[in-house]
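Here the chain labels run A, B, C and D in written order, and each chain numbers its own residues starting at 1.
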Amino acid sequence: MNYQGILNEIEKEIDLKNFDGKVASYIPELAKVNGEKFGMHLYTLKNGHYSFGDSNEKFSIQSISKVLSLALAFDLVGNELWDRIDVEPSGDPFNSLAQLEYENGIPRNPLINSGALVISDILVTHLKNPKKDFLAFVRQITNNPTINYDDAVAKSEKKWGFRNAALINLMKSFGNIENKTKKVLDFYFYQCSLSMTCKELAETFMIFANRGATLETGERIITPSRTKRINAIMQTCGFYDEAGEFTFRVGLPGKSGVGGGIVAIHPNEYSVAVWGPKLNPKGNSAIGMTALELLTTKTGYSIF
Amino acid sequence: MNYQGILNEIEKEIDLKNFDGKVASYIPELAKVNGEKFGMHLYTLKNGHYSFGDSNEKFSIQSISKVLSLALAFDLVGNELWDRIDVEPSGDPFNSLAQLEYENGIPRNPLINSGALVISDILVTHLKNPKKDFLAFVRQITNNPTINYDDAVAKSEKKWGFRNAALINLMKSFGNIENKTKKVLDFYFYQCSLSMTCKELAETFMIFANRGATLETGERIITPSRTKRINAIMQTCGFYDEAGEFTFRVGLPGKSGVGGGIVAIHPNEYSVAVWGPKLNPKGNSAIGMTALELLTTKTGYSIF
Amino acid sequence: MNYQGILNEIEKEIDLKNFDGKVASYIPELAKVNGEKFGMHLYTLKNGHYSFGDSNEKFSIQSISKVLSLALAFDLVGNELWDRIDVEPSGDPFNSLAQLEYENGIPRNPLINSGALVISDILVTHLKNPKKDFLAFVRQITNNPTINYDDAVAKSEKKWGFRNAALINLMKSFGNIENKTKKVLDFYFYQCSLSMTCKELAETFMIFANRGATLETGERIITPSRTKRINAIMQTCGFYDEAGEFTFRVGLPGKSGVGGGIVAIHPNEYSVAVWGPKLNPKGNSAIGMTALELLTTKTGYSIF
Amino acid sequence: MNYQGILNEIEKEIDLKNFDGKVASYIPELAKVNGEKFGMHLYTLKNGHYSFGDSNEKFSIQSISKVLSLALAFDLVGNELWDRIDVEPSGDPFNSLAQLEYENGIPRNPLINSGALVISDILVTHLKNPKKDFLAFVRQITNNPTINYDDAVAKSEKKWGFRNAALINLMKSFGNIENKTKKVLDFYFYQCSLSMTCKELAETFMIFANRGATLETGERIITPSRTKRINAIMQTCGFYDEAGEFTFRVGLPGKSGVGGGIVAIHPNEYSVAVWGPKLNPKGNSAIGMTALELLTTKTGYSIF
């Protein structure tokens, strides 16, 4: 397959002027990102790397990090995880307290904020130095020791994180948070502040396309069975209340972040990351969804 | 009207054994209250005081204090209040986040927790020494300088107040809280910890039966028009999602607290307080509701 | 009290141009009503009748009829009624299916559509000729044999009554409707089509101000205790999700209809009806609410 | 792959005694089905048929038929479909009116009852003889002229279909139903009454594994692109509020019915049907979900 040719077509066909979403503005650090950025990086199992545009520029991966913390927590505690978090799509915005209240503090899935906070709580319980150890895990699967948190983003999130404070206090009232809320929130905000380029993101997510092992070193990070289950969760829950739309249009498991990034994987074929900071009303990168839809349309293959 | 005779009948007719509710147990200080307590105090405009049982024993008035903080805030900022709080019955439990989320952080009314937290925020903004000044206000309308907070109760509430922390953080995320959440919560927990006997409670609420003026000193505390409006709010919102039931059975404006107290007023006739710590599933004193229903049935008069 | 003087002031002070609501338009028969109509009729226990404007013009009383069918059903089956309907304010629009579904087909109160449909079901079960017998009941309490249904309105309601069909089918699925849905709906639409003037409406509702007896003939229609309870329900549930607002502003039990009518009563003092077809966004007569607020402000008396 | 061996293992490992769900009982025709039935049929693209147990016994496919009517409607009106139905998981029970009301009569997806009723409405509009033409379509893709409706089931559904009547009336009130509700419901109940064996069901769904073409005749029924999209919808919406669980455990697109059937497909590999009438609390065949989980575990392949 002529992957570079397909990527070039995607870049050409997409006219930024047709995408009028808004850059995330709830914290100043995200608000000042240039909305015209657009890059894509495809990393295939058999044929290496393809890319275009701003694919080597760092951005805040935000909620995409939830898949990584899920992977680590799943590895640490196994199926006990599912006593505290469900695996159902939320059908509601990513920060809905209503649903969490109706369901007695059990988050719908690990990829919405409430679920990711429970995952953070688990990591805070099981890791000696949560922030340091989690970063080490990410660097290991990425095979890249330069990956880092963005301190300014983390601090700004903390300053404006009233809704996450509401979520975690509600869960604490239901007994579903073990540690001090302040400590868990601190870890959570750092986790979300991870900064990566499209290339780094695609490299990081290669383990989910490669049955749980890194491609470079062949090291198994998670079991194939757990990899399959994490992919399944990305498929049904990776895009808040637009998970169905993404599955319908793109047909791959993936995860988005309010920094404008989307990562997706085709098991045994490739991982792919795209970045375009303007978000649609559901909080997902408008241009990113279209780019990935073009990818599966032009290659003729999705998982369906 | 032979009020004492009627009170005696009520005391006789009510058999504690028929009431199997539960004493509030979410903090240890309330859990250790004796569930068998039962007292009632009626304070009439024209004929003074009537009572029975444990009417001179102190208990935690809890949410009943919300009417007092509402009165003070209404006096301080007038109708601006209603830009930040509605006056509709909630139809939902007193601490529902779901409703608050759907309604963008605007509480349904000032007598549910979220609404009382906004009132607390207003008092924190407008009072020099919120805790001290609010206590002075209560002592003034009660004409009783011994009324005080219960420090142990306030501290325990603070320790277990995760749900209130969730509520206030959610409202802060919507911009409906001006001050630091910690400061507002601290004031709120102290306000709720006020300790009174049935007699003191009836005396305190006499201003709402007496068109806004104290009976002892004749001092006007709130205008008749605002008194009427506060009474209206008590009628439709004073009993969480049992406001309709209380209105249906008793037919008077009133307010309950999880300490087992209920206060009600008959405008131009009397104020009445009853205490029985066992709560029904909706969080209201089971015996208190029955005692007040008997009162309006036996006197033959409610406001309807 | 100079009631006629007060009414004249109300008429003068209210400027129709300031009220920009919309005439109900979901059926053609209501849509063609002149939005500029405005009339008021006050009927006092001790001093007879006062009025102004279009107070002698017939209009469709619509949901106001729900109080009358409630009164008849309460008389027929007594407290059994409350096994099938609650007495809590809905906090939701008058035709909410969501709430009804969460609460397993038990309507929140008898004055929202679902509750009134259960009342209709009860009347269909217990009356030999439901439409005829109910009309006879209304004529009896009004002491006016000319009161009648509006056939065109009833037929139009039936033609467009999909939402009521949804409500009744949902309740039927929960086992809370005994008769055929078609038969109950037919009765319901006729009941709502009753046509009255402000004067007739005030006369009809006099029984609720007069402890259950007609004023003209002294005949007792409902017991004082049940009258008190119906008034309580009007207070907390008479204005859909604006019940708190009406209680707050006006301070009297009352009921509105989408035909633009509002009736209210001051127990032992008066009944009052006002008509202004333009509805506010909550479905209540905007001008009617203001006229009644002026009435209790100018007389200086509400029930609070 | 030794498919028959794997099926034999599944049959052996599953102990019916461990599955205590309940046979659907809302209509007598389903209630009398023997809960001990258990059969499975696997139909591979390259190696034909494998099966065990009661795989040749007819049962009511119920909601599984919704995928077939969706396929036909998608073919008839194309993407216009998505103006009237969304493609998001519901996160709520299959017959939720609450969600439908909040979302103004637009069903979450075509595989819940409300969505399937809109599909029925579309078919009633576009087919000359809806029941006959739809049956012909099913027979065509199955290459089996004996497939038929179960008249007794359809009539029973109609008799007890109050909740579906509620759904369709609610959508009609929002303008999302074009035809008479009675006519649409009649078609819908017949569609759901289709009777098939596991073998027939697997044969019918082969088109979704085979990029839209029948395997026997090679005839293209739907385009590959639309096939992919229907599969995506099955993945996120095929199991009501257990879609995430099925995706997590099984990892294949599929659809369940209250008759106890489940069908799933592995694109380009196989279609598979399993039947076990006892339902778990979410309304899906408990034994069927486990059998399919074993299938993807033992073969080592799902789409993830």
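Heads up, the rule we're going with is that a residue touches a chain if its C-beta (ideal position, glycine included) is under 8 Å from a C-beta of that chain, and two chains touch if they have at least 3 such contacts.
Every value quoted in this text rests on a predicted model; they were computed, and no experiment measured them.
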item	value
Longest centre-to-centre distance from chain C, chain (CA-based)	A
Chain A and chain D, separation of their C-alpha mean positions in angstrom	32
Inter-centroid spacing, chain B versus chain A (mean Cα positions, whole Å)	47
Rounded Å distance between chain B and chain D, as computed from the means of their C-alpha atoms	55
In chain D, residues with contacts to at least two other chains	99
Chain contact graph, described as a line, ring, star, complete graph or other shape	ring
Interface residues, chain A side, partner chain D - complex	86-92, 99, 108-109, 224-225, 227-229, 231-233, 235-237, 241-245, 247-248, 251, 253, 267, 297, 300, 302-304
Chain C residues within the chain D interface of the complex	96-102, 162-163, 165-167, 169-170, 172-173, 181
